[in-house]
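Once you scroll down, you'll see the structures, which are given as structure tokens.
Across the two complexes that follow, subunit A remains constant while its partner is subunit B and subsequently subunit C.
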Partner chain A sequence: MGGLYVNRTRLILVALVVVLACALPFVLSSYRVFQFNMVLVYAIVLLGLNMLTGFNGQISLGHGAFYAIGAYVAAVLMDHWGVPYWVTVPVAGVICFIAGFLFGLPALRLHGHYLALATFALGISMPQILKYKGLEEWTGGVQGIVILKPEAPFGLNISQDQWLYLFTLIIALVMFWLAWNLLRGRIGRAMVAIRDHPIAAEAMGIDVAAVKTLTFGVSALYAGVGGALGAIVVQFVAPDSFVALVSITFLIGIVIGGLASISGVIYGALFIQFVPNIADEISKAAPWAVYGLFLLAFIFLAPAGIAGFVRALWARLTTGSTRKKRAAQTQET
Partner chain B sequence: MAGSINTSKVAESQQANSVLLRVAGITVRFGGIVALDDVSFDVRRGEIAGLIGPNGAGKTTLFNCLSRLYDWQNGSIEFEGTPLADVRRHRVAELGIGRTFQNLALFKTMSVRDNIKVGAHCRSRGGFLANALRLPLTGREEPKVDARTETLIELLELGEVADIPAVDLPFGTQKRVELGRAIAAQPSLLLLDEPAAGLNHQEVETFIELIRRIHEELSLTILLVEHHMNLVMRVSDRVFVLDFGRKIADGTPDEIRRDPEVIRAYLGTDS
Partner chain C sequence: MEAFLHQVFSGLANGAIYASLALALVMIYQSTHHINFAQGELAMFSTYLAWAMINAGLPYWAAFGLTVVASFFIGLIIERAIVRRVADAPVLTVVVVFIALLVILNSVTGWIFTYTIKVFPSPFPEEPLFGPYISSHEAGVVGVSIFVLVTLFLFFRFTPLGLAMRATAENAVSSRLAGIRTGWMLALGWGIAAAIGAIAGMMVAPIVYLDPNMMSGILLYAIAAALMGGIDSPLGAVIGGLTVGVLENIMGAYVVGTELKLTVALVVIIGVLIFKPTGLFGRSFVTRV
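Showing the complex of A and B:
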């Protein structure tokens, strides 16, 4: 009964957020719509990273690299072969899945700090790989690639920005639905079991190596889909958009939002999209110092991430209300 | 018809005394330490076998060989006729060997319920695609896992704590969760490494009841490591004794109690 009640409230909350998200592009300025579009893009990437790091316990300081690969796959496909923008998104996902899976194989031998370093090596070398002369014909070298903004389909009477936002929202919803299914089921349990106790997980019959490498692949797939969407939204890719700081920012996003939390990635995405802007507005001279202060404040105030903070708050509210209900019942009897 | 019933009965009674696990001449060395030295014994289908010995005798090492966590240098282990050396680590559970760990190895952040569900991993199907896309397979498998989990939660009286993360529970309860997780895999051989450690006198009595019950109801074969002599002698059909990695005795609880070598090993006198 209690479970049913919680499930229904949760469903209502999710529906509310979705309705709100659908309404956003029709009430905000086109610049704000662009910003929230990026929030959706980041949420997809963070969801993938949280699967890997939060749920499965494999740290990645290099997800910016998969994000970059996704972005470039989309840009090159559209620029060179005139592939429709919506086709590039799944293609970017598949290519990043393969890349992630392959990277996950040697990663099996690395743990903790060493895995952090190995993934960081990937992240930090990506801009230079993208500038590589031999690839210039496709990547456009330092100049990057400019992409045209797609028109709304089916003669819909909405702006390009509004359409792009809705397109991203639909994909984000699908990606969240898939992640939710995956993480709540047999494989999601296996991921967490591996993080908590890999030896016991293996003794329970979990193929630890397979689950870890596939999780790496799926996680990179999410980053790739996000990267492709990001490229289409920004209408531009260049090597210097994918510096190592991007990877660090993603990690910040999942920690601030809440490790191993699905809803947390939305908070994390809002943080990495808006806090740099806010910091910039507060101090033009030292925005990074302000950003650092924000980070510290969040870490101290919400040590279990914003999702953990919200959960604790929610628990306090609901136990309060059941107590009131109980009190009311005892008064009745 | 009658004939077929008869043959199946004969097969069953033959099975009842057949060897389930055969350990033959196992030797395990860690650098200079010989943790197991040419150890051999059989466990028969359906029995409860006790494995005892002073600290450092090699009991846990033997369990770790049985779950393929450790490699052995000499000898062979056969389970239902399959050489364990050919079995990969994550296939051991599926083969039918389940275990608990001496120093708790629960999934700390997961709820009691989810811990037990992970135990059922090897008895259910569905990979990344089936789960993510909610293919019909998942719809069939998950309710089975749920039902099995609820039965075990009831059997082990874990209902009160089912939603609590394992790490927040007292030691004794965590041991019971580990037991539940092990049985969820529907093993034919259950390895218990000091399951009664930390239990008080009353709790040991309850635990003995529980062991007998699951042995009976789930028709399990159990290999039990325990320092609690009273418990081992009461529930075991047969007892093996290890000392400094060597098997020094093998017999019924009564025989073991009277065995001079065993007495010497436990009293630690050298004569």
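Showing the complex of A and C:
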């Protein structure tokens, strides 16, 4: 449950991270800015998935599908109707919320393995649906859609990459703030209660069905917003960028970052953005081998992910210092 | 009509492959209540082993036999080394472990054998032997699948080991008290499932060609088949497999077009899960509060 409660040190840390994130585009090369932009995009998607899987206990192996829907909504809106890019993000979010809500309704009857199966099937069949001839007029079929990179507004003297990064950062901050509020409130508690003991949760008066479908919808909304931003940042969507492995990458992100942890999704996003790049230098197959080994290692050795590790380290550091203080006090007296 | 019959027969041949893989899924589900997401990749890896042996100059059926045996031991080792550790873990942990196995098998295969698509030989003659509606390979696939099914049936029905395995799946605690080494029975189940998967992989590879991602679609059909028949019913898996195979071909040819074949599997999976989660032959379980 890390990151849900406020205290001063934590607030200062969060402020530091935000300041650092704002400063990033002005000190890095434009390729690095692009990479960190994708980290923000992944963080938004992972946050949504972590709400669903980490906090609510519904396993999704198909979040790449909602990510794809968000990306395509943004691309089609911009390409076909010339809608400004910043309008496409909320539209993608709303459409994915509806899609997620609708998928969540039948998913209500499914638990554990079965839900994993149904979402897995959704993830595998998504590229085929996107390639479908009947939709080709909008989706561009196998070719996909190319989008133009937006210019910085208000006559700001920054590059397109820098502006896009800041734009994504603002949306990410809003999404994190919303998620944080949602998760520490009544609904967040209900979500965790349903994960831990659905029957007890129901007995306590929680509307299990409503909370679960709502969580599915909100989670898909996050994936959709991330997808729309991802499409704008990459400037291109095509069915083959949304294969089943994308959904698996997201799952890897939350497991390694830390299940049911808000800060964990940032570690997870950094992991899925940068580790494949490093591993890619060894072999084309290496990223996935590394993913697999890390997954096994984390599941067996550190089930709370990087966030849990950081938390433990933090606890050790702070208790260590208080112990020293106490020792100093006792010596004085 | 001829085209229709042809679609039905080739659907049955595909269905026989889905049935085998579905049977492997059911075997693991029956004994451990896990759905093995890595089943397809395991079969793919085995098929690559067979390809390597055939390339090294072994005759087809020798490579076939060796692959089945090797796959059996690979399955056995995976169960003992990895799956056993998460036997009582939450579902999410189990799913993640299977996903990890899936990506490791996929990438290791790509690493060793590269991602270029390879041709896998069929042991059956080129010219159609059984009339115009079905190719020899398709007929051979059906034959091999029937052989596998009958062998398995005889094994489980008439051998003491088969009985011990069924007992373990039915009631692990009592079986243990009766002196059955239940741990080994589960490992054996995994081994047999891996061997069945290897046969399915070698049968499907001449049709879809050999490539590390060849099984993802087939696994989806197998899952649809297993769910349709009832995830804990071997007979259901076979019937489900054949039904899904024919349905997929007919829908692909006449209704939705070949591009949306996978979506048919998705619709079947979600449809079964919503309207009849126990499948056609599955048993329903009541959980106590």
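In this text, the second predicted complex is superposed on the first by the 305 of 333 C-alpha atoms of A that agree within 3 Å, B and C clash if a C-alpha of one lies under 4 Å from a C-alpha of the other, contacts with A are read in each partner's own complex, and residues count from 1 in each chain.
Criterion: a residue touches a chain if its C-beta (ideal position, glycine included) is under 8 Å from a C-beta of that chain, and two chains touch if they have at least 3 such contacts.
Because the structure is predicted, anything quoted here is derived from the model rather than measured.
Q: Applying the document's definition of touch, where does A:202 land relative to subunit B and subunit C: first, second, both, or neither?
A: The answer is first: A:202 touches subunit B but not subunit C.
Q: More residues of subunit A are touched by which partner: subunit B or subunit C?
A: So, of the two partners, C touches more residues of subunit A.
Q: Given the touch rule stated above, what does A:120 touch, subunit B (first), subunit C (second), both, or neither?
A: second
Q: For A:193, using the defined touch cut-off, is the partner it touches subunit B, subunit C, both, or neither? Pick first, second, both or neither.
A: Touch status of A:193: first partner only.
Q: For A:185, select first, second, both or neither according to whether it touches subunit B, subunit C, the two together, or no partner.
A: first
Q: Considering only the contact definition stated at the top, list the common interface residues of subunit A for subunit B and subunit C.
A: On subunit A, the overlap between the subunit B and subunit C contacts is residues 199.
Q: Can you check the complex and tell me which residues of subunit A touch subunit B?
A: Touching subunit B: residues 178-179, 181-182, 185-190, 192-193, 196-197, 199-208, 214, 218, 260 of subunit A.
Q: Would you pull the subunit C residues touching subunit A in the complex into a rising list?
A: Subunit C residues touching subunit A: 33-35, 37, 82, 85-86, 91-97, 99-104, 106-111, 115, 216-217, 220, 223-224, 227, 257, 259-263, 265-266, 269-270, 273-274, 277, 289.
Q: Which subunit A residues qualify as touching subunit C in the complex?
A: 53, 57, 59, 61, 106, 109-114, 116-118, 120-122, 124-125, 128-129, 131-133, 199, 244-245, 248, 251-252, 255, 259, 283-289, 291-293, 295-296, 299-300, 303
Q: Under the touch definition given earlier, write down the residues of subunit B that touch subunit A in their complex.
A: For subunit B paired with subunit A, touching residues are 67, 69, 89-94, 99, 101, 105-110, 114, 117-119, 121-122, 124, 126-128, 131-134, 138, 141-142, 145, 181, 185.
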